[in-house]
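In this document, chain identifiers A, B, C, D, E, F and G correspond to the written order of the chains, with residue numbering beginning at 1 in each.
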Amino acid sequence: MNLLTLSGSPHVHGDSSTKKIMYGVVIAMIPAMLVSIYFFGLDAIRVTLISVIACLIVEWAIQKYLIKGPVTITDGSAIVTGVLLAFNVPSNLPIVIIIIGAIVSIGIAKMSFGGLGKNPFNPALVGRVFLLISFPVQMTTWPKPAALFSGLTDAVTGPTPLGHLKEAVKAGRTVQDVLENGSSWVMDGVNYSYQIPGYVDQLMGNMGGSLGEVSAIALILGGIYMLYRKIITWHIPVAYIGSVVVFSGILWMINPDIYVNPGFHLVAGGLMLGAIFMATDMVSSPMSWKGQLIFGLGCGVLTVIIRIWGAYPEGVSFAILIMNAFVPLINRGLKPKRFGETAK
Amino acid sequence: MANKKESSFKNMLITLLVITVVAGLALGGVYNVTKEPIALAKKAKAEAAIKAVIPEFDTLQVYKVALEDGTDSLVFNQGYKDGQLVGTAIETFSKNGYDPTPVRIMVGFSATGEIINSEVIEQKETPGLGSKMASDKFKNQFNGKNPADFMLKVKKDGGNVDAITAATISSRAYCEALQKAHSTYLKDGGSK
Amino acid sequence: MEYILILISAIFVSNIVLSQFLGICPFLGVSGKVSTSVGMGAAVLFVMTIATMVTWLIQHYILIPFGITFLQTIFFILVIAALVQMVELILKKVSPPLYQALGIFLPLITTNCAVLGIAIQTVAKDFALLPGVVFAIANAIGFSLAMIIFAGIREHLVLMKVPAGMKGVPIALVTAGILAMAFMGFSGLV
Amino acid sequence: MNDIIIYAVIFLGVVGAASAVILYFIAQKFKVIEDPKIDEVEGALPAANCGGCGFPGCRGFSEALVKSVNEKQSIEGLSCPVGGNDVMAKVAAILGIVAEEKEPQIAVIRCSGSKENAPKKINYDGPATCAFAHNLSSGESGCPYGCLGCGDCVAACKFDAIYMDEVTGLPVVKDNCVACGACVIACPRDIIELRNKGKKDRRIFVSCMNEEKGGIAKKNCSVACIGCSKCFKVCPFEAITMNNNLAYIDYEKCKLCRKCVLECPTGAIHELNFPPRKEKVAEVESNVEPKIEVNKDQSLDTKE
Amino acid sequence: MSTIKNIIEHPGRIDKIENDKITVTILSQSACSTCHSKSMCTVSEMEEKTIEIKNHEELEYKVGEQITVYMKKSLGTWAVMFGYFFPFLLVIVSLITLILITGNEGLSGLISLGLLLPYYFALHKLKDKFSRTFEFSLKP
Amino acid sequence: MNHVANFTKGLLKENPVFVLLLGMCPTLGVTSTAVNGLGMGLATTFVLVCSNIVVSLVKNQIPDKVRIPAFIVIIASFVTIVELSMQAFVPALFESLGLFIPLIVVNCIVLGRAEGFASKNNVFSSALDGLGMGLGFALALTILGSVREVLGNGSFFGMRFMEGDAILIFVLAPGAFIVLGYLIALINKLRKTA
Amino acid sequence: MKTFKIGGVHPPENKLSTDRPIEVLAIPAQVIIPLSQSLGAPSVPVVNKGDAVKVGQLIAKGEAFISSNIHSSVSGKVLKIDEAMDQSGYRRQAIFITVEGDEWMEDIDRSAELKKEITLTKEEIVSKVKELGIVGLGGATFPSHVKLMVPTGKKAEVLILNGVECEPYLTADHRLMLEKGEELMVGIKILMKGLDVKRAVIGIENNKLDAIGHLKNIAKDFDGIEVEALKVQYPQGGEKQLIDAVLRRQVPSGKLPIEVGAVVHNVGTAFAVYEAVQKNKPLFERVVTVTGKNVKNPGNFMVRVGTSINELIEKAGGLPEDTGKIVSGGPMMGKALNSVDVPVVKGTSGILLFKEKEARRVDPTNCIRCGKCITVCPMGLEPVLLAQYAELEMWENVEAERALDCIECGSCQYTCPAGRPLLDYIRLGKFRVGQIIRNRSKK
């Protein structure tokens, strides 16, 4: 007979595992991936592949040669980081920059702290913000979506709705005016015009932006899948999106000329991507549901503040990173209620 | 260690007094020595800017002109050569740069109202982005242009200025500063 | 409004630690305990405010009138060094129990670098007294905020077995870097 | 002299005097207590911060040393295992007293339940630390006194002086052990002991901690001490005591005569660093295997 | 120093024992305590502070014994409040008020700094009350 | 006393920045370019050497209890001298170093050397010690500045060697922290293997 | 439906032996009766080598306050008193008895007749329970008489019967409730009398509908006994959780149930009490479930204490070829055994055989900070923190985070997606903290 195994209780284990969770997230990202392939074509595949492979290689190399520990690239977390990094950059980003992003995400933000689970900040977002600050030009010019399918050349780039709106409002126009009439300008003798896409377009993904953030519907689909698989809970996305709606709604009611309506905030930019896929990263978000609500709320408020008053057109990445920094404090302040403490 | 001084109150007071007096004397001395060079350096810097934006002059007439809206004033430096006005160097600024520190620019106008040249005196814009406003590539596009027909606005805003890539804000600030100088210049009576 | 802008600017946009690089030593050195950081914050708040007031008065009533602004550095550092120690001395004299409790609770405050830096900046920026004091307060709050966030992250990092090579100061610096990156999101608010 | 210099001197003088007054009081109130000797002593210590001396780190130890000298003019009972007598002599010189010599010690592993001698009877499946395995059960070999082989001692050693032998599954102490005792504390089964290094690094000890009856002990491990008392009887120096079916050799009394080693029927008594025996070796070795060890340190070197 | 729940601990050494009063010396560390080179920059960074403790339990201690002093964390918070935060509030509030009233910055600044004197005097008067509030305990 | 050792220890073994971790504020604050780092390093070196010499000269005249304020005055005086001279002769550098010049006065390394070394040793060793420490500081700042400048600006001591954009963040605040963090990790590693 | 408020998990139930009636196991040829069978101090033998003993004869006495009497489960001769491997894998003192016949003590009433009338007084009940070695059969084997002695100043209000059997696989209590319902009820009445309470609640999880129905039915005839169906949720059987579920009261940290006026006994204990008080029968046999996915005939057996587990397994169809792990108790809290040659003791509720594949744990990854362990912990602890502190040997923090509150239910480790050995570390932490506390109080 073979040897008996000896171990402490419990002797059974639930069926969830890190791997299942991570690949679950990958599956949840498929709809958004498909939409971005539809709109950005092969470029979407190119960026995603490079990003994922670079992330895997960096993680592998660091584990093998620097930490000299076990190699765990198959746990899927580097793949998630890779895809999410790709989702956060424009589809025409040069390869070198993507690779730099992957090095920063995995090398600086994750492996420096010891790898999976130890990083206080969301690796993909650190990578993205690093790139955003370092390469503002490349990171803020997006190819016009559907360019491949409508016969226009790729060279034409269009701004994100948020970025455009912010500029125009700064220039003194009202929100309605911009939303309804679009803008046009002449540069080097060429007429340019830009019309902020309608809500349906924005929901479906027909707008400029990073790879993964264009289609709110696809992202929500992924979110529902993750909720169903119990990979995430509703607390963070709901608190996040809810607080964005409420806060921007209040501003909008105060002055609709300067402040755009909450619906626009919802569908534009990376809010959905951030709220569903990035703020929910369990490693860098609070552990208790109360903490998660506070986290979501903080992200929401900061997002709106940065979007409206900050220098960057988009606030999601920064908001989540800043709230990541508060996570240890939140966890510390919100201990679960111990059994027996409620007893009177 | 040999006869170290005791920490009596008197000793302490005296020691510190001696040290501070010596320091005071020494620093006063150094100050006197460097006063001149410091003043010179400051002046040289200001003059360098003026010299860079208007042609050679022998006399300089400096005066202040209030802005159109009266909130502040700009320093005008009219350079004359042989009694002839060769250009007006105006120290202008814009508070709408990327950094809260105002962008300060010296701009020279010819007697006919064209921009001769412009020079950044102070800016704290982001290195590599807004700081490119000091590069020739950007600022030379203004040279020889008369703001009367050269729209001092970035092309995005419908003007004639090529913005620095990814630094529209800084470019706008630059334009705004020049515009401010030009308006004040006109208000002051142009070339007179 | 002016004061609010000063506050936002100093706390978030150009945070004393994360973007002006002042007071890095205590930021990196103070043991990673959140409760202590909060206490430190209050102490720094008091010291920084008082120091800024005193140096402002010295600047405007002694150095400028007598044309000896070049002695600013030497004056300020002497005054600040004496002041910081005097605060402790006075507490010890007037209320030993309080002083003892503080002794157990807090490390000593010797953030001369940040205090001096803010004092110099206050006069360099030509603030009037009240805005100057608000500026100092804002910076003290910014300092505390950065310290508290960091103490939290440190408490967390203690539990994560950070790779040997990165342990201690290196990982603290990298974390500070990422934090600074996150705080850049506030740029443009003012 | 111009005004500026006069003002400078006056005001600096005033500030200087003022700070003199303030700092004078401060100096009176807060005496800086750190004895400079503490620094000096700390400088002489090996900076291993291992805690082997029983104090929190080298600095704590320096403070204790200085204090002890100030209070009773001696550093009796305080010693740095890492630095050994050399360092203590240096420290004593700094402190101006005479250090007592201490016999150098080294850690020994008192278990020979290697993979072969005590084959495993179950699989342990849990965190690889001895503390767990010990709390959970008697261990893979079934010997409730034997080494669990998860290497808590190795992890505890700050000097890289223990390693786990892949073949035997037992820890091996290298020559650079400084007898800090960290491993002794770490081992949940009290297998490791600090013993005198012995002349020429020669040591004899019972490599077993099993207090079970002979038969049971032997069932789990072929080289267990079975408590037969043969060594006890043969030892001419009364260095061996029997307790709970287990022999123990007192290192202070043992004169390294090696009689017991030959006597032991299971080979539980180990001798280290002795030259190979001339007589009777063949006979003995055929019946008990792992009796004569060379220092494993060297065997490690040759392996690499 | 370590923190368990609501308690702050600090190591110290017993200096003196008189009846029920124990004097303990603690080494207060400066903000740079973890700095590598504190021995290099001794700007009086290490200070000895003495603390008086009532020995309620009549436990036996020896002079020179290493012990741990502890107190409730909330006491630490209150100490910070009284030591730093309240005087800060006093200064800043009076400064604002005075500037609003007098409009003279220099004067207002001087007066509000001067207000610290009565504050400290008040603290001095409250000494006994504090010594009852701020109680420390020993842990062997 | 080994003069060579007094001099070289500051360069490597006891490098104020990488090993002793002193004076982090200027280290991070001024090193956006190699020139700034070098300038700041040299200014600090000057103060260090001069104050070490003076402190060592007057060490016996100063009562123990006013040591610290006396040293502060001495150091602050030299800082002021540096400030004034730089303003006069290298105004551009002075402006880019800005606030951090007066802050030399609180740099622990300066006071630390005065207190820890110069107040106990003779003039010559003190000068050497100051010089070594100062140059070590300058070296560290220059290395940090070079790395940041190369990565963040694509240039070295102001000479551009590449076209196009470099990784901007390295010349900004986060880059300072991150580069220093990894440099220290690297030096730790090198020291361990060495 | 009621359940406890905080945390909990729901592992697959796998109650394979639900339909197997309790079968009496043949008496083995030899029994080994360990001397430490209950919580507390080991008992002291009162027989010597060579003595002849009868079934039910006292062979070891519990002398300490928390300690219990042990009775022979067979008749025969005392072979020796020696160390024998017990379920912990360590050798402990035990009495070896060679079986000869099956001769019972005369005063034991062996009839199957139900004796409803309770004649003994409160005090007599307690001493009877003590004398006859009744210990808790719910797992902790806490001497039951101690629980019947309510400390002065406290008042027991409710007796709660633990029929939850929340562990997967186990069915011993379930079968007992079905087959010995009446006896159980009488046992409860006795306990109620012993405790002087008017109300008793039997808590049963809703996956044992037949038992609920059955007991509800007979409870009609017994005053003050209620049956409460509870939502299926592990670890409902935990004493504190059960009280929370049934009474909505939470026992404060470090306190006993009596603090909130409750006393909890396992249903098996109640049955043993019935037998002891009404039939004078000491506790020397109990129901044990033998189960496992590979086991040929999983079942519930009435077993004499001291019987080798091997015999039980043989009875259930023999040890399957690819057995990888043998667990005494349930899969969540049970103890893995070194060998099958260890005796059944009073606390053995089940023997669980795992296949090779089920035996190994999953490979752990780093903790991904998902917080699931916190969510499921029924004591409101933060297992992840406790484990990390224990791993870093920060015992003070382990204590401050209330490690001692952990009931070792294993929910955290069961749930952890990263497969962290949380409970292992927490146990180590509890152990060390326990040591520290003991040292402290010594001082």
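Points to keep in mind about this one:
The definition used in the following text is that a residue touches a chain if its C-beta (ideal position, glycine included) is under 8 Å from a C-beta of that chain, and two chains touch if they have at least 3 such contacts.
Since the model is a prediction, treat every value here as computed from it, not as a measurement.
Under the contact definition stated at the top, the chains bordering both subunit B and subunit C are A, D, F. The most distant chain from subunit B, with centres taken as the mean of CA atoms, is G. Chain centres were defined as the mean of their Cα atoms; on that basis the chain farthest from subunit F turns out to be G. Across D-G and A-F, it is D-G that has more C-beta pairs touching.
Separating the centre of subunit A from that of subunit C, both taken as means of CA atoms, is a distance of 34 Å. Averaging Cα coordinates per chain places subunit B and subunit E 50 Å apart. Chain geometry summary: the mean Cα position of subunit C and that of subunit E are 20 Å apart. Residues of subunit C in contact with two or more other chains: 25, 70-71, 74, 78, 81-82, 85, 93, 165-166, 170-171, 174, 178, 181, 184, 187-188.
The set of subunit E residues touching two or more other chains comprises 32, 35, 39, 42-44, 47.
Among the residues of subunit B, those touching two or more other chains are numbered 7, 12, 15-16, 19-20, 23-24, 27, 31, 98, 129. Interface of subunit A with subunit G (complex): residues 1-2, 4-14, 16-21, 72, 75, 77, 114-118, 282-284, 286-289, 335-343.
Interface of subunit C with subunit G (complex): residues 158-159.
Note for the complex: subunit B touches subunit A at residues 98, 129, 155-158, 165-166, 168-169. Residues of subunit F that touch subunit B in their complex: 32, 58-66, 69-70, 73-74, 76-77, 80-81, 84-85, 87-89, 91, 120, 152-153, 165-166, 168, 171-172. Residues of subunit A touching subunit F in their complex: 100, 108, 130, 133-138.
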